[in-house]
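Just dropping this structure here.
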Amino acid sequence: MYKQGKYPIVSKKTLAKGIFDIEIYCPHIAKAAKAGQFAQVQAEGFFLRRPISICDINKDKGTIRLVFEVRGHGTDKISELNKGDLVDIIAPLGNGFKVLDKGKKAVCIGGGIGTPPMVGIAKEYGENATVISGFRNAAAVILQEDFKAMGCDVQLCTDDGSAGRKGFVTDALLDVLKSEKPDIVYACGPMIMLKNITKICEENGIYCQVSLEQRMACGVGACLVCVCRTVKDGQEFNSHVCKDGPVFDSEEVVFDE
Amino acid sequence: MNRINVNFCGVEFKNPVIPASGTFGYGREYEQFYPLSKLGGISVKGTTLHRREGNPGPRVAETPSGMLNSVGLQNGGVDKFINYELPNLVTKDTRIIANIAGSTIEECAELAEKLNGTAVDMIELNISCPNVKQGGAAFGTDCNVAGAVTKAVKDVTEKPLMVKLSPNVTSIVDIAKSVEANGADAVSLINTLLGMRIDIRTRRPILKNNVGGLSGPAVFPVAVRMVWQVANAVKIPVMGMGGIATWEDAIEMMMAGAGAVQVGAAIFADPYAPVKIAEGMQKFCEDNGINNISEIVGTVKPW
Amino acid sequence: MNRINVNFCGVEFKNPVIPASGTFGYGREYEQFYPLSKLGGISVKGTTLHRREGNPGPRVAETPSGMLNSVGLQNGGVDKFINYELPNLVTKDTRIIANIAGSTIEECAELAEKLNGTAVDMIELNISCPNVKQGGAAFGTDCNVAGAVTKAVKDVTEKPLMVKLSPNVTSIVDIAKSVEANGADAVSLINTLLGMRIDIRTRRPILKNNVGGLSGPAVFPVAVRMVWQVANAVKIPVMGMGGIATWEDAIEMMMAGAGAVQVGAAIFADPYAPVKIAEGMQKFCEDNGINNISEIVGTVKPW
Amino acid sequence: MYKQGKYPIVSKKTLAKGIFDIEIYCPHIAKAAKAGQFAQVQAEGFFLRRPISICDINKDKGTIRLVFEVRGHGTDKISELNKGDLVDIIAPLGNGFKVLDKGKKAVCIGGGIGTPPMVGIAKEYGENATVISGFRNAAAVILQEDFKAMGCDVQLCTDDGSAGRKGFVTDALLDVLKSEKPDIVYACGPMIMLKNITKICEENGIYCQVSLEQRMACGVGACLVCVCRTVKDGQEFNSHVCKDGPVFDSEEVVFDE
């Protein structure tokens, strides 16, 4: 059941330059939400809503967390909201990540602003999760303390080596695979990163889910604008990120050449 | 007392507010917000003879007070509509308008024929889709072709036939007259205005299709003007749409001459828009001592 | 280093940002905000052979992200322009574009002749005003008439001739090709889209003229599309306008194919808009290592 | 010299239901402004600015006061602004009232929301001003204490007699004329009121200035949308409320039949 409403922001933090973390009190949504789902957030003065992943869910407090980067005018407007303000959202949307049984091991990989949705899913695995996140540089690093607090094995990469190891998240993943084979890999980030992770997982026979992005209008599956190419049984067809996704089994995604 | 039920083209609608084709799918998604029985009807996603994959993405670009789309009539084909969507829709206690589009005149007629004997209440023949190469806008921008396709469909259909007009023309009145003369029972307007946006960083059009159809509040004044012109030029009823977002907009459109209205892009901003609009209209009637909303249709007094 | 000077149609502009005709008068008012020398040029209020009173008021209605106007070419006539406005304008160190409109072909030619020998840098022949009964849009919506009036003016004028096109047509490309074939040195587009608003309390059109021309950000995607289509269809330069409000918009319009841009309704919201746009363009060039803004014209790469 | 800028609101009051009084700190504008001029006020999210008369000017404090009624969505948006917020205005615009020499007597007449501009002009005359204001009923009455504080002779009319005298401002004007002939009459309010006042002043040979309204775009005289019909030397022609007005000599205004 989708909910639309104006909900109060109960806390707001700046995680890095231009990256904001808001916690919204919306008990019905928090109750229904799963890791990997998203919210359609209204930016005042703009016609279309902005899709933002649900970073974390606190069912007890009745809150969800959205972590987003200012990328354009709409997210800039959303970033002007403060504690106590109401934010108009539709949520929870999309399918969310598949959660395996207790005891299974997961690797959660976030690239840049693809990192936030990893919080919710890594939480499901706690100490059984390895979280690999990649950022441009030390100044862009976010959410590492959250992952540590959940007991995850945290591996940080930066492009320039200014924090954690220098290099790509795929390098870190290959290293992890040397010592253990996880039951599932979750990934969110740039297409090229998802493509490479998909390839690695395929080669290693690991089940992998990726969270995709596409420009959206309705966010619920009605307007068909948020198309992505998928494949099943050798047959290519259009899926829709908002309803069929944003999470797809990586083997079903057709990555452009 | 329900003051907003309307008879449009012989079909009884419990209210004159209908989600516009392509913006509401077949209602399955929005049913999670409210029962579809709250709607006057639903104009379903454009249906073609065969399954269509539509255009590649991105298919949407934001614009000031509006949006461009280039979906390109993605749909499962008419058989899937009849066999899968329609049986579900008929249980929803709302009117069903089948929006159809063909790439040839024959295809349009064949589509209409297939819908004979189904529970569809009305046909909306889309001769104005800016996002497909054949048919679509090509049909809607030439009086003769528009007339011919109307006639071909009218000859075979047993349903009330509404023809959906393109605003991308020099004289929408001429097209409206032509489809009226060829047997259309109603016209609906406007479809989207052709537009474009460019990402100045990548120097690429935002839409993979380069251009797309503009809708949303931005186009409202153009739609009101066209509805007013057409309503004054034809005798058949006019279904008005284009940028309606509030009940005030809907009232304005009806005063311009629309017997009923469709609401499209506004639903993306507020899923409840059609319901709120219907409620606002009911209250407007009550507050102004209007027994039935139909009394306001075409009542604008030009200077 | 000035990176935004452009040569448009043989005329040197210090920057490609020009207030649009009818939105800036003759610059007298806005000079109270900034010196007119900051502007690439000024397209002055539409000038007719004789003084015109224009349409009765109200002449403006707000719309989502835009406005309708129905001024109807109020102006003091060409002689007043030449004798009173021009002597003042020539002292302002900016280019002067004379926007002219006639109700017959002969009148257009006579107007252009009167401007021979004056300090006017360029003529913008408006064949697209939606707010006058004769001439105006009637000229701009028919290829043959558009061609004929272009030819008549071209035959007599000694100035570069730019023809201003109407967006209220099925194919703006056809009109553009026709005026090019008949000697236009450039085209400018778009003029306003015809629209209407109704006051639902009084059931009267807000504009005393009933309908008016839509401009402002709402029309921007339509304008970008038309500029792109026309720039790809003609060899003469295109001056782009319609909804430009920010420097990003101006860059987008130039990438679509505009060699220079006009800014209209946005000035009402922010009088400094043209100056800010020029400054933003200069910075854009600096930030992106572009030596001259002309390098971006028409560089959008379609999919 | 027109100024455009974002200026802080230093105080905000509610004068009656839906009628707000904001004081804006804008020293350059306050210094240049005259009674009867107006400001073009931006309402966030709306394309056109809203013209609002300058109610009062405090050159010492560097402030101007705007008193406005919520009539539609734009004024509603402006009414959401609070003390400390910035408001984007262009001012001072228009010609303003003509002020006669010290000692001359004025009658200032405001009808409803036409009352605010009378504050600034009545102040110029102080005890030499008679202020007549008319409202629908007691609940709509505003600004009477301001006029009293300036020493004016204050005459209040309401349509229903629920405050002051029952009847129209024109009745009150006729009564005033019985005992004295003012040197000038200023009026702002509905067209029908201005028309009747104009007629009375004409019949009594009194100089009268009226402040008109028209829908505007630029507000500075460039776009020519804000037309009104005027007459001079027997010749009718178009004037523009924003630049030629909003204040006109009443004999120059052509009132529609």
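Descriptive notes on the structure:
Letters are used for the chains, namely A, B, C and D, taken in the order the chains are written, and counting of residues starts over at 1 for each.
Keep in mind that, in the parts below, contacts are C-beta pairs under 8 Å (C-beta built on N, C-alpha and C of every residue); 3 or more make two chains touch, one makes a residue touch a chain.
Predicted model, so just to flag it, every value in this text is computed and none were measured.
Chain A and chain C have centres, each the mean of its CA atoms, that are 47 Å apart.
Centre-to-centre separation of chain B and chain C, using mean CA positions: 34 Å. Here the spacing of chain A and chain B, counted between their Cα centres, is 36 Å.
For chain D, no residue reaches two or more other chains under the stated contact definition.
Taken residue by residue, chain C touches two or more other chains at 61, 63-66, 216-217, whereas all remaining positions touch fewer.
Taken as a graph of touching chains, this assembly is arranged as a ring, one closed cycle with exactly two partners per chain.
Pairwise chain contacts present here: A-B, A-D, B-C, C-D [touch as defined].
By the touch criterion stated above, chain B contacts chain A in their complex at residues 22-25, 28-30, 32-33, 45, 53-54, 56-67, 69, 71, 74, 206, 216-217, 265, 267-272. On the chain D side of its complex with chain A, the touching residues are 44-45. For chain C in complex with chain B, the touching residues are 61, 63-66, 68, 141, 168-170, 193-198, 200, 203-205, 208-211, 214, 216-222, 224-225, 228, 243, 245, 248, 251-252, 255-256, 296, 299-303. Listing the residues of chain A that touch chain B in their complex gives 1-2, 4, 42, 46-49, 74, 90, 214-229, 237-238, 243.
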